[in-house]
Structure formats: structure tokens, C-alpha cells
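Provided herewith is a single structure, encoded as C-alpha cells, for subsequent inquiry.
The chains carry the letters A, B, C and D, assigned in the order they are written, with residues numbered from 1 in each.
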Amino acid sequence: MNPQPTSTPPDIIRAAYAELIVTDLAESRAFYVGVLGLVVTYEDDEAIYLRAFEEYLHHSLVLRLGPVAALAALAYRVRSQDEVAVAADYYRELGARVEPRPAGATRGVGEAVRVEDPLGFPVEFFYDSEHVERFTRRYDVHGAGAISRLDHFNVMTPDVEAARAYHEGLGFTVSEDIQDAEGTTYAAWMYRKPTVHDVALTGGDGPRLHHIAFATHEQHQILHICDHLGALRQSDKIERGPGRHGVSNAFYLYLRDPDGHRIEIYTQDYYTGDPDNPTLTWDVHDNQRRDWWGNPVVPSWYSEASAVLDLDGVVRPLVARTEPAEAAVTIGADGFSYTREGEPIPEYKLGHQL
Amino acid sequence: MNPQPTSTPPDIIRAAYAELIVTDLAESRAFYVGVLGLVVTYEDDEAIYLRAFEEYLHHSLVLRLGPVAALAALAYRVRSQDEVAVAADYYRELGARVEPRPAGATRGVGEAVRVEDPLGFPVEFFYDSEHVERFTRRYDVHGAGAISRLDHFNVMTPDVEAARAYHEGLGFTVSEDIQDAEGTTYAAWMYRKPTVHDVALTGGDGPRLHHIAFATHEQHQILHICDHLGALRQSDKIERGPGRHGVSNAFYLYLRDPDGHRIEIYTQDYYTGDPDNPTLTWDVHDNQRRDWWGNPVVPSWYSEASAVLDLDGVVRPLVARTEPAEAAVTIGADGFSYTREGEPIPEYKLGHQL
Amino acid sequence: MNPQPTSTPPDIIRAAYAELIVTDLAESRAFYVGVLGLVVTYEDDEAIYLRAFEEYLHHSLVLRLGPVAALAALAYRVRSQDEVAVAADYYRELGARVEPRPAGATRGVGEAVRVEDPLGFPVEFFYDSEHVERFTRRYDVHGAGAISRLDHFNVMTPDVEAARAYHEGLGFTVSEDIQDAEGTTYAAWMYRKPTVHDVALTGGDGPRLHHIAFATHEQHQILHICDHLGALRQSDKIERGPGRHGVSNAFYLYLRDPDGHRIEIYTQDYYTGDPDNPTLTWDVHDNQRRDWWGNPVVPSWYSEASAVLDLDGVVRPLVARTEPAEAAVTIGADGFSYTREGEPIPEYKLGHQL
Amino acid sequence: MNPQPTSTPPDIIRAAYAELIVTDLAESRAFYVGVLGLVVTYEDDEAIYLRAFEEYLHHSLVLRLGPVAALAALAYRVRSQDEVAVAADYYRELGARVEPRPAGATRGVGEAVRVEDPLGFPVEFFYDSEHVERFTRRYDVHGAGAISRLDHFNVMTPDVEAARAYHEGLGFTVSEDIQDAEGTTYAAWMYRKPTVHDVALTGGDGPRLHHIAFATHEQHQILHICDHLGALRQSDKIERGPGRHGVSNAFYLYLRDPDGHRIEIYTQDYYTGDPDNPTLTWDVHDNQRRDWWGNPVVPSWYSEASAVLDLDGVVRPLVARTEPAEAAVTIGADGFSYTREGEPIPEYKLGHQL
């Protein structure tokens, strides 16, 4: 593709919704509505449209029935309807496949455009959207694990530096990243809205969706989701956490939905909205970078991710990462991590045994 | 020893204090006072006497300088000074070594008695104790991880059934235990005060001290202790958790102090004070028994524990457990665990990989 | 009555259940089940039997349909079935009216005894009770304001000193009280289980029921109940709080049910189970005694309370308090309160304006 | 002044710092550092420069010693240094007094401009600022009431509609407001950063500073500040709350500093960053508008506010509000409030008695 378009990129506000292909709507509903408590805006035999309690657009998550679990689209909201056309022009100049979407192509969404971005992801840009009731103060239906809003996407891509440059071209800024002394970048967090990220780039074979993340207000709401899954004898849906991230400083939990899509529940990162917001770079060997408490990253968290579809609905082939893998350089015989630089991690830390 | 004394056991109120031998008072102080925020009642070059914010007795933890990290005593409070003599008589009939302690033998404690109990632990019974200021409402000195009181002891002993019978003789009641279908008991939780336990019996080579536990009021106070250790670059002191126990339903965290003594921070178990409080038995293969969220028990948590001293201050030799070990029957090639009975645990659960 | 019985009092474990007469079961259900989230053990056209999430006895609250909102009984659990007869004998010697109750007279409760106590309250003593599922770990049905258990009763009685002496005779101990320099007692908190109280005595015209209190685990659960009532446009059911008590140090909220019965939601008082637990006496003029933050006590909280029935179901006449009223001595022209002894409270504190 | 400038307004990012005149630095320090836990960036005999834990600019609050407690400046950060000149031009065209400030005129701040805005407030626009350590992860110094960042200003001004129009000219958007059926506006909340507000306009005699607000992450941190003040016997510094706002849905607390300046502690409003964020208008008679739980607004909260200085340091005279006062139309003989429209508020709600 053309790496340096001269036209103006669309003015992106934020990560706005994801469309996931799921293979059993009833099972997905039990997870997203029954456990996570998301609000159903609309549902039929083909799809469920969900939003969190403080959202007033039609949906922040679409679960669409399909034969293979995959990501169908990541949608960013742009600042006005005119910016949809700006996006189309920008991606055409990039040489990307661009597909206009009439109003209603996705229920509740106006005229939009979908592209296959240079990293291989199906990305939508939209502005017009149906407004629905904002449940901010509907405490009568907020459960103990109430979710406020969609926060971000995390995508797996082989070349993080290239992905970062592409997103900088779109107007994203890096808040934090993970590197090594040789300059390899393992992951980067990039934002449009003034939080730590709207999209995170995770180094690995791609294009794959690593996860999408929803925000709660308080930490105890995340703990409750764990307790709830335990009560349902579904604790095996908890993949990693809860814990405190080093990167972002957010409190987190990673779940796996019935199709294996990874969902993060996340709270309390920090404000990044000033232009001189300091970028924070973590050493890949710092054992507190991904969990501030030094708790281990489960191997599946590094290796597994959701397939993504092209605009024809066909699963994209993977491109392998050629740079070192974060898991390999941090654990096992060929890697190392430290709590205090220069000091080994004691035997009883679980990460040691993996 | 005489397994069936006919005399009356002492009327024990609760687990009241532990005396630990530590090898560096300054390092221990940095942990117990600097991180855990315990209140110093008294300290000199030989020992530090600590209490939690809602305690009015002189101390609930004594850290005494010594050459080898070990447990010097577990102290139970009895209902009156007369019960100290009852305890002495009871243990003499048991055939245990019994040592009267004059007032002040431990600073702040009146006339007491120490015994070498049938399981090999050094145990003290006392009633008289100096009262000091109760810091319940001293929010000006409560940190973000404020600890309210000592909650329980957890001891490692080879034969849990024998240890249970001995404690039942002393008037303790089982709230919960872990067994297998063959009737092997892996652990039992026993109480005098109306909580889940004053003492837990953990099957393993013993006598060793598995941990002592302090209680907070809220979960976020436990999370803060983790954050605090991360800020100090001491996240390697976090051994296991935070998490929700299956047994006890408490929210928990296991730390290792500078000498390796294990300290649990614990909150929100339940009331057990009625005589018909139901006993709950867990299947050892239930993956939610020790962590309701199915997060793995780090191997060191099963294998490591503190040495205990006899009344001469000599480390007790260990007696090996001859019954199956909980770690062996639950993980690895010879063991198994389930989230839903009969179903395997998915690949991505960390416990699977240990 | 005979003020000094020589027979042994019953061995009371704790405050166990209350029976309230309500005038509209559907409205009461909307409050106790819909908002407070109590679990329905049984219900029919005449009554609803409720319990909190950690309780395994049949109920801790009975709502019985009747023509006039009132208290029908306060029930204490005793340590064994034999103690029910002990209670009957004790009250007969006291000269109180005593009424045996066959098993099932109250659904789920075995043979019991009800008395009209010397203060004029209908009090039940029972041991046998049907066990039901304990929902401790049923996080799938715990709402954001989950209630764990009944905690205490608070009764309004004219002569607090007499009421205190009567309860001391029954084996209760005072944890805290409110007095003035002249020795008048305005209120006292008395316990059997090792918390701050099973029963509080509030000076005022009586016998009336001031409130019954349920416990949550965390403060945010109490805040949610307020939010929930706001969402239902029923914030007018919030009478006082949330706040931090001075007395008991508990976090609290007072609600009024659809009949005006006052319900407290309460959490995090402290352990009182040692025999030498220090008694704390507050000066009635200390503005932090009832709210540690100095927020005002709404006048209705002092003046209003539920009628109580005798054992024939007839409303008891009131006996007026002859000693000074707490409201009168603390606010208004004839009273005063201080934050720091000797200093006036600033103009902008709300209590000043009442 | 010229109400309709044709030049471009400065691109304001957010409310960035306030400068308050205090009359005793030691007393102010005890409050802002000792209780609120703000971090001292610099202090000398004339001033203290403070920041919250997630802030990396030199300060978000300056306490400057002076003879009369007052507001010296409200400072907004603009998007670049060039915008400082844009601001100067804009206010000159408005006919406002404009005063350039050399770098360092306020310690840590670069070249800036101060103006006397059309409402009579001293307002600064700046971009350059010294960076200092961001204490986001310094949990070792975070207390139990940790404050994350400055959130907003609240100013008292007689004509809310005029003040709203002026701020709209500056690029602010209304998130919520309070009106009556006759169209009188009592208050409005306006934002630049995507939260509910950077500035709130409160109808009343002005110009006066109603309060400045700092944000925490969680509700319990606000509760702790109350507990802490109680422990210091300074509960009289709590003016109103804690509670849940109707407007903004934030959890709040209002304190009065040693000079009477009002400080709000605030958490968990909602995201407003999309252009079509719905504006919410509250009826002034809705008793849940200012407190979702219907708890009363203390009269001082409506009537008292801090004096403001002009650019010569002279206290500005007040202009009286001529439209109805919110307190007058909502309580007392001439006002009314409802919980459910059309229904009176019950006798026992405290607001009823004021």
C-alpha cells in the first residue's frame, strides 16, 4: 500500500463499536447479557446489539451469528458525517479496499464506510447513529458488575512499529509502549480520546483481534464479575487477572467468551488529553509491565487471538511476526524478567514456573 | 501422647497473637509497618510488638530477632486468668511439655503457659494483657491498606484427621474442609470465635507454620497492598492472589515477609456462631475450592512453610505426610481438577500449564 | 415486675429475626425484595418470609399482613432447644406474660416461647429452625447492594438505665453508650454475639421499635441502595445517611419502608468478643457521636418509631420518657453540640440550622 | 463589553489550575497536604504549589499568602503556546482587561495571559508549564483518600444565561443545566475536556468562586476523607455530602478549607466527548437534581462563596442576581420540591425542615 498519503485523515473521536461473529447467539447472550450485564438495544435470530450503561448510541457491540467465530469490524466514530467521506478518500489514497455502507447496513448506524486497513483489519468509520436511552442513572438495572462503556480495541499485528506509524498517520498518539534495549517494540498503546488508548497494538501473528475492552467505574465491579462466573461454575472463562496493569495503571480482568473471543474489563487508567502527555516506555524484561503485582501472564494470552474477516467475510490469512516474541524473551530458558533490575525473581513467583 | 484427656479443656476465645523469629528487624519493620501499616506498640533492639487498628491488647504479632526464621509461638486467648491453669492441667494430662510463663515473659502479657502441643507446635494460652489505645477511629493514621485485626493461624501438619480430633477436643468446630471420595482429608478450617476459623489445618510435612492472617474491612484495602508493593518494586513479595477463596468465601492475598514467613490478608468470610452452623466439605478436585475464580495455586504455596521452634528454641524436625498431597492429586499427570464435575479445564487456564 | 429473678437467664446467641406487621404485602415486597434484594424463603397471601444472602435459617424477617403497621415480635436465638424452657421459666419469675408457641406457629420455627418483656416488647426465644440454602456464594443473584445478614434490633424505651439493667440480667454487655455529665443515659448498645450490638436502647417514649438493621460486607453496597432508590424515584425512603456512626464506627443508612418501619443498613463495626472489651461512653453533646462526619440527625429519626403489639396483637400504649430528650439537649435554643469541646459549631453545618 | 467578538477564541483544553489567596499557609497546608494528600511541588513563605497524584504539570493549585481569602485566578490550559496570543487578542476584542504574564510570573508556568473576563473573574490562559514527576503509580505515598487530578471550577454569577453564552463563545458546551418551567436557568455545566464540566455556572450574586473540584478514582476514597476529618475533630470542615449528584451523576463531597474556600471531591461522572452528547435539563423543583438521594442542600452552600480579585488584587464588588434564587424556589414557604412530580415530600425528609 501507499505508506504516506497526502490527504487529510478522518477526524476520529474514539473506538466506538465492534462486530463479532459468534456461533451460538443463546450462549453469547448468556455471557454478555447474563454475566456482563450489557443492555440489549435490539436482538433477532441473526444478531444482538448491545450497549453499556452510560452509552446512548445504538450499540457498542454487535454479536452476529456466523459459522466461524471472528471479528467482522472495528468501528471508530468520526467527528461529523462529512468525515466519513474523508475516511473513504484517505483509504483510497492508501490503496486500501474501501466499501461504502448505506444507512442501516448495520442497524442503528447511518451512512458509513468500511475498509480493509493496511494491517489487514476490517475497520468502519461512521458518525450518524440512532440515539437510545442512556442508562447512566438506571441503578435499578445496574448489577454488581455494572459496565459503563466500551473503552478500547487491542489488535495483534506482526510489525508493531509499522502499525504504530500507520496509526500516527491517522492521528493517534502513543501513551505507553514496551520495548527492549535493542529497540524492538513489543506493544504500543495509542489514543484519540484522552485515555491511555483507543487501540493497542500487540506484536504477534496477525491480523487477529486480541481483545476488546469495556470499562467499569470501580474495581469491586470487576471482582464481582469473577465471583459471578464462579457461582455459575464458569470460572474457566477467566483467563487472566484480575490485576493491576503496569502499562496504563488500569485494574483489569481478561475473560474468554463462549467462542473464545477475549474480553477485557478495565477501569481507572489516566487522563492523556494534553498535547505534551508524557510517553512511558517499559522494558520488556520488567516483570511489572503487564502486571504491576508481578503475577504471570498466562501463555494463551500471548498466543491466542480471534480470526478477522475481510470485507467479503472470509477469514484473513496470518502473517507471522518475525521479530522476537514477548513471551519468548521474558520467560523460559531463553528469556528473563526482573522485579528489580539486575535481581532474579524468587522461586515462589508463579511466572518462574511456567 | 494421651489422646483422650478427661479433664476440661481451657475455654479458648480466639487466635490472639503470633511470635515470629525474624533475622533482620529493620527489614521486617519495613514490611510490617511500612507496607502493612501495623501499629508499633513497643520496639527495641530485640523485638517489635505490633497490633492492628482495631486491637486494644498490647500486640497481635511479635517479631523477635533470632538466627533462624521460625515460629516461636501461637498464642490463644482464654476467657479468664483461671483458664490458664486449666490449660496447663489439660496439657499435662495430654502428656505435653508445659511451661509456665511469669507475667512479662512476653512484654504486655500476664502470667501464661506455653506448651508443645501434640502436633509439635509451641502454643501459648494467656488472658491478662496490657490494654493500649484502640485505633479504630484513628483514620488520620489508617493507610489505604488498613488492617483491622489478626484473624487466624494456618498450620501444616501431616495427619489432618488427627489434628482435627485434637482441636475438637479443645472445643474447636470445623466450618469447612477439603476431602476426596476416598475420605482423605487435605485441610480443615476450625473456629472458636464465630468466623470461619481461628486455625486451619493444612496437610503436609510438619509441624510447620503455613501462615498467619490479618483482616481488613474491604477488598480495595487488599488491592492497595499489592499496588503498594509494586510501587516499592517488591511485587516479588506477592506469592498468591489476590483472589476469592472457595473455602471461607473470603477475599485473600498471600505475601511472603522478608524472611519468607507467609502472611495472608483476608476479608469477608461469614458468621459461624450458631451451634448448627453447616459444615461445608469440598472435593479436592474442585478447581474452585481454593480459588473461586479457578486461578492456580502457586506450587510454593503447597510446599513451603515456616519452621517451628520447640520451647527451648530449637527447630522441630519434620514428620512427613504419608497421605496423598493436595498438589499431587489436583495438578500434573497424576492429578486432575474440574470446574464443572466431569468436564476438563480448558487449555488456557493457567493451572493447566503448571 | 420482679426486677431480680434468681433463676438462670436463657443463653442467648444473637438477634435472629423480627416479625413486622405491614399493611400492603405487594408494596413491602417491592421494597424488601425489589430494592434490598432479600431472598424469599416462602410467601403467601398473609406473609413473606425473608432472609439475607449468608443466612441458612428459614428467615430473619417476617412481613405479616395486618391492619396497623407494628412490630409483632423480636426473636432471639438461644443456644439449644432446652434454653427455650429456661427462657420461659426466667420470664415467669420476672412476672412477665409468657406464651409457649408450638412448632410451626411461625413457619420454619420449632417450639418457641414468646413473652411480653419488662419493657413492653413482644420477644421470642427459639432454637429449632428449618435450614434452607445459604446463598453466600450465589453471586449470580447478589445485586449491587447485597445484604449479608440481620445484625441488630434498636428499641425505644423511656428509661435507658432500667432497660440496660434488664438486658444485663439477660447476659448482654454494653459496648458503647451516650451519657451527659449529669449521668443521664440517652442510649446504650448491648451485645451477645461479638459485635457492637444485638440490641440498642434508645431513650424515648416507648415501647416502640426504632429500627432493625441488616449488614452488608462493603460500603459501596450501601451507596448502591441509595442510588437504586433514586432511580426508582423513591429517594424519599432515605431518612438519614449514608454516614459513618461515631458510636460503633459502622457505616450506616436509615430507610423507611412503605409502612414507615425504619430499616438500617449497616457495615463494619468491630469485634467485641473478649471479656475485657472496653466500653466507650460518648458525651451527648459530642456532635460526632451519632455521625462521625457531624452531619445532622434528622428530627424524625429521634421522634418517630414503630408501634409494638402485645401478645394479643393489640398496640401497646406508650410510656413517656421523663428524662431529657437527646434531640432537645443537643440542638435548638436549649441544647448544644460541639465538634471540639468548648468550640461552637460553625454556621454552615446543617445541624446548626435545624 | 463587546458581546460578539469576531476573532477566533483560544483552543482551551481544560481547567488546569486555581490560585487561591489564603491567610495562614500552615493551616492551609494541614488541610490540603495533611488531609487531602496533595503533593507539594514547591513551597516557600509566600506560597505552596500543589498537584494531585496523576498530574505532571507543576501544579493544579497555588495557595498564596494574602490578607484576605479570595480567588486570584482560574487558569485554563490552551492547546499550544500560540493560543496564548489568540486568547489575548480575543479578550482585547471583547473589551476585557488583558495582562500578559512573563514566564515564571507564576512559578512553573511559561508566558501566559491573564484577563478580567466579562463575568468579572480573573482568568489565565497558558500552555508552557514545567513537567514534574507523575505520581500515578506511587502507591507508596497514596493515602486512603488519594486524589487523582483537578476536575473543574464552579463560579457564581448573577446571570447564568449570559454566562452560558459567553462560555459557548469560548467553545464550551453545556452537558446539563437546571431550569424552571418559566425558562429561568439556575445553573449550567459546561465542558471542554470530555467530562461533564470544566466550569459550572451557579446563579447567585457574583463574581464569586463557588468551589474548585478534585477527582478521586473511587467512592471509598471520598468516604475516607470524611473519616479522616472526623479523626482530627474537624468534621466541621464537611459542609455537604457525601452524596450522589443528580446532575453529573458524580459521587461528591463539599469541604470548606481553613479560609472557607469550598473544595469539592468528586468522582465518576461520564464521558461527553462525542459532538451529539445529549444535554440534560433538570427541573429546579426536582428534589433529586442536586442530590440523587434527596438529601438536603445546606443553605450555606447556596449563599456562601469566595471573593474574587481583579488583576490588581482588589476584591471585586458583587452584582446581585435579579432572577429567582434556587434556594428560594425550592424550599421554605415560597418554594417546593418533589421526589415524584406532583407528590409532596414526606415529613421525615430533612430538607422539609429547613
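FYI, a residue touches a chain if its C-beta (ideal position, glycine included) is under 8 Å from a C-beta of that chain, and two chains touch if they have at least 3 such contacts.
Keep in mind that what you see is a predicted model, and the values were worked out from it rather than measured.
K.L.:
Using only Cα atoms to place each chain's centre, name the chain farthest from chain B.
P.N.:
Measuring from the centre of chain B, the most distant chain centre belongs to D.
K.L.:
Decide which interface, A-C or A-D, involves more C-beta pairs in contact, and give its chain pair.
P.N.:
A-D
K.L.:
Angle of the rotation mapping chain A onto its copy chain B, from a C-alpha fit, rounded to a multiple of 5 degrees, please.
P.N.:
The best-fit rotation has an angle of 180 degrees.
K.L.:
Report the inter-centroid distance (CA atoms only) between chain C and chain D in whole Å.
P.N.:
Roughly 41 Å separates the two chain centres.
K.L.:
At what distance in angstrom does the C-alpha mean of chain D lie from that of chain A?
P.N.:
Going by mean C-alpha positions, chain A sits 35 Å from chain D.
K.L.:
On a C-alpha centroid basis, what's the spacing between chain A and chain C, in Å?
P.N.:
50
K.L.:
By the touch rule stated above, which residues of chain A touch at least two different other chains?
P.N.:
Only 137, 218-220, 227, 230, 246, 292 qualify.
K.L.:
For the complex, give me every residue of chain A touching chain B.
P.N.:
Going through chain A, the ones touching chain B are 219-220, 223, 226-227, 229-230, 233-236, 238-240, 242, 244, 246, 251, 256, 287-288, 292-296, 298-301, 304, 339-340, 345-350, 353-354.
K.L.:
Show which residues of chain D lie in contact with chain A when the two form their complex.
P.N.:
Contact set of chain D toward chain A: 13-14, 54, 56-57, 77, 79-80, 131, 134, 136-137, 148-149, 193-194, 217-219, 246, 249, 268, 270-271, 273-278, 292.
K.L.:
Spell out the residues on chain C that touch chain A in their complex, using ranges where they run on.
P.N.:
137-140, 142-144, 146, 218, 220, 224, 227-228, 230-232
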